[in-house]
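Please go over the structures that come below.
Heads up, the next two complexes both have chain A, just with different partners, chain B and then chain C.
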Partner chain A sequence: MGKYILKRTLNSLITVVIVFVSVFMLLRLMPLSGYFPQEMLKETDEATRMSYLRNQGLLDHPVVQLGRFVANLFQGDLGRSLTVYPKVPISTLLAEKIPITAAFGFSSMLLGIVLGLSLGLLMVRFKDRWGDRLGTGYILIVRAIPNLIYLFFIQVWVSLWLDLPMVFDKDIPSSWILPVICLALGSIAWYALWLRRFMVDEENRDYVKFALVKGLPKKQVWKRHVFKNAIIPLVIYLPSDLLFIISGSLVIESLYSIPGTGGLLTTAIKSQDNNLVQVIVLMYAILSVIGVFLGDLLVAAVDPRIKLTEEA
Partner chain B sequence: MENMQNTKSSRTLNPLKFRAAVFDNMLSEDTGYSNYSYWRSTIRTFFKNKAVLALVILISLIIIMSFVYPLVSPVDPNKVSLFPLEWNNRPNSEHWFGTDTLGRDIWTRAWYGVRNSFLLALCIAISDVGIGMIVGAIWGYNKKLDPIMIEIYNVITNIPSTVYLVLLAYIMNTSYLTLFISMASRGWIVEARFFRNRILSIRDSEYNVASRCLGTPMRRIATKNIIPHIISLIIMEAALCIPYSIGSEVFLGFVGVGLPVDAITLGNIVNQGRASFTLHPYQMLLPTIILCIITVAFYVIGNKFADASDPRNHV
Partner chain C sequence: MKRILAILLVLAMALSVAACQEKPVTGENQDPAASQQPEDVANAAQQIIEGKEFERVYKTYFTSSYASFNYYSTAYATVREIIANCIDGLVEPNTYGVYVPSLAESWKSNEDQTVWTFKIREGLKWVDHTGAETEYEVTAQDFVDGIRYIGDPLNGAYSLRVIRNLISGLYDYYWTLDDIDSGTITDQKREDVVASFDEMVGVKAVDEYTVEYTLENSAPYFLSLIESSMLMLPVEYDYAVALGDDFAVDNEHMLYCGAYYVSAFERDKAITLTANPNYWDKENITIDTIEYQMIPDGTTSLEMFKRGEIDYASVEAEAYLSLQGTEWEDNLLPTSHSFSTNYLWLDFAGENPEFNKFINNENFRKALMYSLNRESLASLREPVDPSRILRNTINAEGAIYDSNGVDYTDYSPLKEIKETDYNQPELAKQYMEAAIKELCDENGNIIGCEAGTVDYLPVCSFDVDGKLPVTICYVGTDDESEIIMAQLFKAMIEESIGAEYIDFQIQAYSGWTYGTVADPLNYDIYFDSLSTGYADPSGILTRMTTDGAENVGKYDVPEYDALIEKALNAATFEERLQYFAEAEAYLCSNGFVIPFISSLRGYYMSYSVPYTSPLTLYGNTKYKGTLVMSEPLTKAEFETLDAAYEIERAEALSAK
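== the complex of A and B ==
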């Protein structure tokens, strides 16, 4: 077990390093003029811009820059934002934005699990009847139509219909309702879809037929055997989902003007804020390998048939 | 006891009704033959659902229309009107779905958009599924590749595709090609992993192990047992790839890293319509409806085809 964890950690570390170094080097391929907004390009002359870049250390060889970043990282310094929030330390920036996004993400994740599993159970309970058709229709809409479109109509129409605020304001509690529901729509569909599929698979297994033939009450078979076995393939994604609630949703945060992390990465890439991009990419890569690892550990903990070995 | 006697007597056949057949050497050598063809059954099961049939017809009509209309229509989708009176026209007899903020005809633009978006999505689907299938097949048959392929998978899925997109946009100008490369850059490895898992499970499934034990030549196993499975998976994955690609195009347009605004795609038209939605809601109507029909239709077709291609669902 200890050996397994050590090997996994080493493997994950390699992945993180490759991801980080390749993104770091790719970012250094961008043109130098990209570090300045349009108006600044007009106002300043070449010499000022070069001296600014030299001060920021952006003219050094990429490998030197990488070494400096890593050295600073071990002292807990993530660097400062270049263009999106000029000169603001990235750690302050993240500390400001992550709690907001995490609050939305966590509440919508809870909502998604509760409603998604209930919808999935409802669909299995009324398989091939109205409950199932209703759920299938919902899943179809959420998964097939680009989310931007239905999220936009929810923002415009549902907010009018229910008289809810159209933009987020952290002093108005009711402005939390729509974004949280919108964030949960996708995960509700996901949980319902897979729970239904796995439960239908499980329901046709021999051991279920045997349990019913033996005379166990149907309710008990479903609760103790079918549901438990069907939920295991879903559990593996739980840690990743939990860790990635801090990444937020770009579409929802920009529709409702939530000052979270959702659009941060894309904005940073677009305005060539390399310092910010590399920190966010590093953070997401670490979270992603940790999430996968914890998912495997969790499955091994809940499913006695699965043992973590070096083979796996 | 009496009961048993009864059943016993009823089992002896009535000679008036039945007669023993004469032994026929030809008939005794006759072997069983089932008229089962995998593809015929798949297609029959697929079209048995009338809703699916209707969707297939509808989507074919839309796609044919989107290719034929630009060829026959004299209206230029990029023709900007200089007269403010022709801007933001509500739907009328001349402009069936109105005009947009620059006086361009929405009906015409919608069909050009469907054509361009569909072609882009189709290219992405072909590249993702094509490369993914080949890599997946090699991966599935060579267990030694596992560590390196998993590493490649982890690295590629962890690099945000916006990074490639913005970088490519600097190297060459934003165009359909840059969008295609950046969208296709990660899809193939996801598909490869999917195909690898499926090929592995098909290869090691009991009926194939049995075939191998019975001495079936590899060529026959490949053509009869493995390829039909893979082809149905390819069609299903390609169909599901299309709504996904159209969705990403809409998303990238929303973020502002997609195609330049003068490119006519469904993503751009919908995003432009969204911007003027509060004042002129009709501008978003037609493009959004067509986009939803296309994505829903391909999603349903992909899933129903997956069901139909499973021999267990064949009657």
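== the complex of A and C ==
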């Protein structure tokens, strides 16, 4: 097991380095004009722009820039934002934004798991009856209707009916309710849909029929065998939600005015904020490989059939 | 199909609304000021605010993030409003737009207005983000140091061009330092040049409380430049230099000398301004706390206003129509002015050989000019009175006056352009036919134009056959309102000129940026805006010369360049305006740029009493003196206050 972990860690490290260096170099292929917002491009002459770029070190050879970034990284300096939040230390930005997004992400993930699995169980328990139809209807609405429509409806009308704030305010606890629910709507549908499907599959397997024929109580078969086996394919995705938790939702953070990381990478790429993009990509790459790695470990832990060692 | 239907519906709605808004003719609908004596109007206005209790907290919002508070290097316009209330300049406009003392108690200029001297108030201290006085005093040296700060290329000052060219010696100082930094100059030391700032640059502290600016040219508009440019604000240099890159990255890393200080700052979320207890003019501060929160979505801000959670909401055209017939109809107030002009940019050097042939033909450009129905375009933004946002000139009416009070846009030949109705489809067709005669053979082949593929990637790529109809690639964003506007352009141009002559293609490009579309000339036509930044046409027009930064379409206009040169060397301000007016008229009448409407957007609802704040024509909203009511202002109240204000302002301006 130890050897396996070491090997996966090394592979993950190589993956992160390849992703990071590729993105770093690709960013340097972008046009120089992209470093300036439109109003700045129109206001400044070419010579002033080149002067600015040179003073920012953006005209140095990409390898020199990479070396500088890595050297600073090892000293704990992530650099400063170039264009999105000019001169603001990236470590400060992330320290401000990640906790907020993570708090919403964790809350909504928990809500999604609890309500999603409950709904999935309800749908299986009352298969082809009211519970199943109710759940199917919910899943259809969430997945088929463009999310902006129901998110907007919830923000404007539900907030009015329940007398809840329309936008997030960290000092008002009730302002967390609607954004967390909105963030969880998709994952509730996802967990319910797949739990129902996997449980129905399991129910039709021979070992379940055999156990029932042998006289085991249905409740016991469900609890010990059907649910346990159906949950395994879902467990693998849990750690990869780490990335979702940190990266946030552009739409919901924008709607509820949540100052988190949602849309930060997109904005940074659009504004050609190299420093910010490369730090976020590095962070996301590390989180992604950790997520996948943890997923593998978790599934091995919950499913005795799966072994991660060479002999398996 | 649905999109086309939606566009047609919006267009039909906009046109019908515009058509229904004829000027009222009945007596009962007339302007309240027209039938009343000035004293009656003033009394009516007085009654609205008399005896009322005003709120001491004002809640408003911003729509995009505050990147940084560094007022010298931040490109983002959003930071201006915060800075306008937190850092005072030398002068400020009063409620009528007349410049009155701010940090400067008095000022004077020499006869040709090349030397301006300001006497600073004594005993004022910079305060920190808690409102506590610091050890630093506001002195003349702080204004000198402001220029010193922006004059160093390492500090990356934004929009430096105008100030750099105007203040004597600053241009040379900046570029000498830059040449040293880049290694072009090796025989001078940086520290020696920095040490020579006081001798080299035309700004000096005559004594502790007197600052003097020496300018390269006569600048009668200098006070308006002080209002509009954040680069003219003071700084406590030692404090800023000690902080280095951290200067003004947030509220705790800057000092304040204005009516407010930023007492709380949550990035991308909330900003609180608190009244400065040590402010020199604190008797005129009427709001103790201004609470900003970030609300990017217009619908949310409107809904929050209705629930009383914020005191101001902007109302776009679509929202305006949806509020008609509701309880809020009576609270919809018209926005007052915008000096920003929307215009069509034309690509004179792009890869499209068909468009390239035609756009360099004067008749074709005129055909485009006369094909636009500006009122229909305006009704997309201003459904009630579209005519109030029409604009045929680049510089806005009401923005620049000569020393006799004559509006710059009333200088001939600009006046004729301002008053021309360019919605003349017949004339447009005639110009197009004249252009075709000059550029095409009898079979409709464009002379000297080869068939081929036009590469406007990453925006688009398309084939042209070198024959009529002329293919035009209009590039806009994928924003719904922009697509509607583009569809209107297409409908108007193809209908006026004839679809057999013009094939107007729309590219709604989601990745629209200046760097991907405008700068690399990946378009034939796009629309953009320009704003009159201070009380002189040079702010825009000098940037539109053949080699100017604003000449995005790469036209070649030596006649225009010569007029600009004459304007810059004119002996008097009136002569200067005359040459500028001729230059601007040359660009507009020959269709090198096609202005069509102002950037004014619709309406607003508010709890604040209009005309109680300084009239910041070139700068940003200042809240000093603003009165906030406990109920939203009604249209009737607004009209009464507006009528009284117009009379008072006319008196104030005539007494100036």
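The criterion applied here is as follows: the second predicted complex is superposed on the first by the 301 of 312 C-alpha atoms of A that agree within 3 Å, B and C clash if a C-alpha of one lies under 4 Å from a C-alpha of the other, contacts with A are read in each partner's own complex, and residues count from 1 in each chain.
To be clear about the criterion, contacts are C-beta pairs under 8 Å (C-beta built on N, C-alpha and C of every residue); 3 or more make two chains touch, one makes a residue touch a chain.
Every value quoted in this text rests on a predicted model; they were computed, and no experiment measured them.
Partners chain B and chain C clash in the overlay (superposition on chain A). After overlaying the two complexes on the shared chain, residue contacts for A:31 are found with chain B and with chain C alike.
Look at A:84: by the touch rule set out above, it reaches chain C but stays clear of chain B.
Of the two partner chains, chain B is the only one touched by A:281; chain C is not.
In the superposed model, A:93 makes contact with chain C only, not with chain B.
In the superposition on chain A, contact of A:252 is made with neither chain B nor chain C. Contact with chain B, but none with chain C, is seen for A:289 once the two complexes are overlaid on the shared chain.
Residue contacts after overlaying the shared chain place A:152 against chain B and chain C alike. Look at A:270: by the touch rule set out above, it reaches both chain B and chain C. Within the superposed arrangement, the part of chain B that overlaps chain C, taken from 76-84, 130-138 or 148-156, is 76-84. 31, 34, 152, 156, 270, 272 are the residues of chain A that lie in the contact sets of both chain B and chain C, per the superposition on chain A.
Note for the complex: chain A touches chain B at residues 11, 14-15, 18-19, 22-23, 26-27, 29-31, 34, 140-141, 143-149, 152, 156, 250-251, 263, 265-266, 269-270, 272, 277, 281, 284-285, 288-289. Contact residues on chain A toward chain C in their complex (touch as defined above): 31, 33-34, 36-45, 47-48, 51-52, 54-56, 80, 84-89, 92-93, 96-97, 152, 155-156, 160, 166-167, 169-170, 254-255, 257-259, 270, 272. In the complex of the two chains, the chain C residues touching chain A come out as 65, 67-68, 70, 73-77, 153-154, 156, 158-161, 175, 178, 181-182, 245-246, 249-250, 266-269, 293-297, 299-300, 303-304, 307, 309, 511, 513-516, 518-520, 543, 549-550, 552. Within the complex, the chain B residues that touch chain A are 151, 154-155, 157-160, 162-164, 166-167, 170, 243, 246-247, 250-251, 254-257, 270, 274, 277-278, 288, 291-292, 295-296, 298-300.
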